[in-house]
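Residue numbering begins at 1 within each chain, and the chains themselves are lettered A, B and C in the order written.
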């Protein structure tokens, strides 16, 4: 089955995936003994998501193909559908796809007959990232209902934020947003970071996407850090039980101070760790067509 | 043994390879249990051929190394022979090589002591592509003798065309060529596409290689499509039993109309599928030194 | 355990690693049965070292991840530590790292809790290359004590030279250096190549690193070849038992004449072969935390 958009999954299904991921964390073994091949098709640069999915597949005893869009027929003008159909014809067992276009998968669904796992579409969805965030929150608080989170940064360009806001609200969390005026989108609950920071359970920072922003970051970096960056002073305002999250990669000294990255409240590297367990669960669910 | 050029193989040997490929299609199992490593050395961009060979090796239970010529010692000026010899010294079991130079393998033969599988040399040979074309034709018609094919497009720059014309004639097929004046080569049987299209069993289209052609494609794309592109009207002229082939990647709207790619007569994606079976056969033959 | 710098290893430990490599050469089998994953992180181009480590891991029954720094989050400004920590969090079993910065590993040691194998740091260390050189010498002469070697070329920019000079002196070898004035460094035993060539057991050539040198190589190539290149005439001056080594990739016609590369005295491709055995030993030692 496809894993494209968390909207397609009920709360119960999401809980099942998280439980399966937790089981993998606790040592559950599934071994496809090299009989399954997972093809990772990344049409946009990625370290974390790409190699996390790759590791998840390897730990399940799958083989992997890693497609480098920089050195390929895409330069020969091939469409996304034609490339993806080609991999289906190779007989691969599942596809992990990242692509710059929002909801790229709409052009594939119904025409591709093997499971597709969405590893990020444009500024739209990033289901595996969202699920690993949820797993990290669940491990910390044991529940979602009633939790308060502030997501800080460039909401507009963040598929992580878009995916998380929707699913967290469905799970009964209260989601606040903080960030520069220029990245604001309609319909969200905007707050001043310094007014909410002592009231939330989770501060989730977003990466400042230098490569998308053409503004001179020379001065705005400092301004951004002052206005929205999580530094020690702000960490000291947080509740004793609250935690810090970031989808990474992060910019030290921009959205997060260097000495906050691995501070006691930070779950940033734990998120990375959970990412592999979540992706093992997703690949397993996709291959078994069952959740 | 090496698989470099179909001229080196008798018709009987070619039939044996096709039969072996068909057996793999029908479920034949060969499992090298991770004891064999296949190194894919691609000095020219490729999606289809590269990942098809990779998949074939994985399905045979081999491990693979995928060498990216974009990020390597080649930038340090190393010769092809020296790179290939290096991989031999690593102890790999077979090499799959694509290189821009025609008959690059002549500088390797007799000096490299492990099997080399030619994945395409310049505008010269592309044996695995030709064999998958033949397999597709055989599955369709059960024979080669007496079949008529028209190959349409840029013959001059096409290793697929060069390889197919020779081997198809050896197999008793009649090969017609159609395409722009500028790509004509001596010694072929040139015809007007619209005069032959209702008489052939196979229409094989070649990709318009934008990246090789410096002419302004802005206007020639339309002209090309009008003169040589396979559109619905031309498909309607074809015999009821005839089929459409293309080595891919294809340019929708140039050599093939969008709605023809997956029409009933098209075997384009079936060719891709057959490619993995043919390459399983070739790797097996190369490793076993036996055909 | 980490394999970062040969200074960290006693002569006895170095001998043990070489013996283990020799055992792998003689058919010793270790099979991790796919349970171990080795992640190769190359932040600088490499063919030889990268694919040699990869092959070594595959031959040990490990799975591998091959990280391409050209297509990654590094473009998003991530620090080396953050990338490496991320792979640790993925749960990989060991990291093979090449990086342009001298002693990059100092920023990792004590913070990363899985074995790191240094595949080359800037102009500093290249322990696996040095060990394969030592293995090749040991196979030839059965000892190190009393052997004389001349290392020829750009010592200044060569991590191979820096690593070899130190360890060879510890092993009781006499190390002479020859090369252009501009690449001289303090503290070495400089000699004229033509005065020492008939007295040494090993002539080790270094690659002229075109990509690092901005001088016009049009004329200096010829001058370099004349002054320091190993040609047939110089080979004829060498002792009957002496051998030629080069870490490769080599520039034919620059530091080595075309017809010398595979002459009887050359051990250049044997070095490549030994590289895989040495790296099997290193990965095994790193994973077992035992030497």
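Note that a residue touches a chain if its C-beta (ideal position, glycine included) is under 8 Å from a C-beta of that chain, and two chains touch if they have at least 3 such contacts.
Since the structure is predicted, the reported quantities are computational estimates derived from the model, not experimental observations.
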item: Labels of chains that are neighbours to chain A and to chain B; value: C
item: Self-contact between copies chain A and chain C, residue sets same or different by half; value: different
item: For chain A paired with chain C, centre-to-centre distance based on mean C-alpha positions, whole Å; value: 39
item: Multi-chain contact residues (two or more partners), chain B; value: 34, 66, 68, 70
item: Residue ranges of chain B in contact with chain C within the complex; value: 34, 37, 39, 63, 65-68, 70-79, 82-83, 85-87, 89-92
item: Chain C - residues contacting chain B, complex; value: 34, 42, 45-48, 51-52, 54-55, 58-59, 61, 66, 68-70, 207, 209-211, 248-252, 261, 269-270, 272-273, 275-276
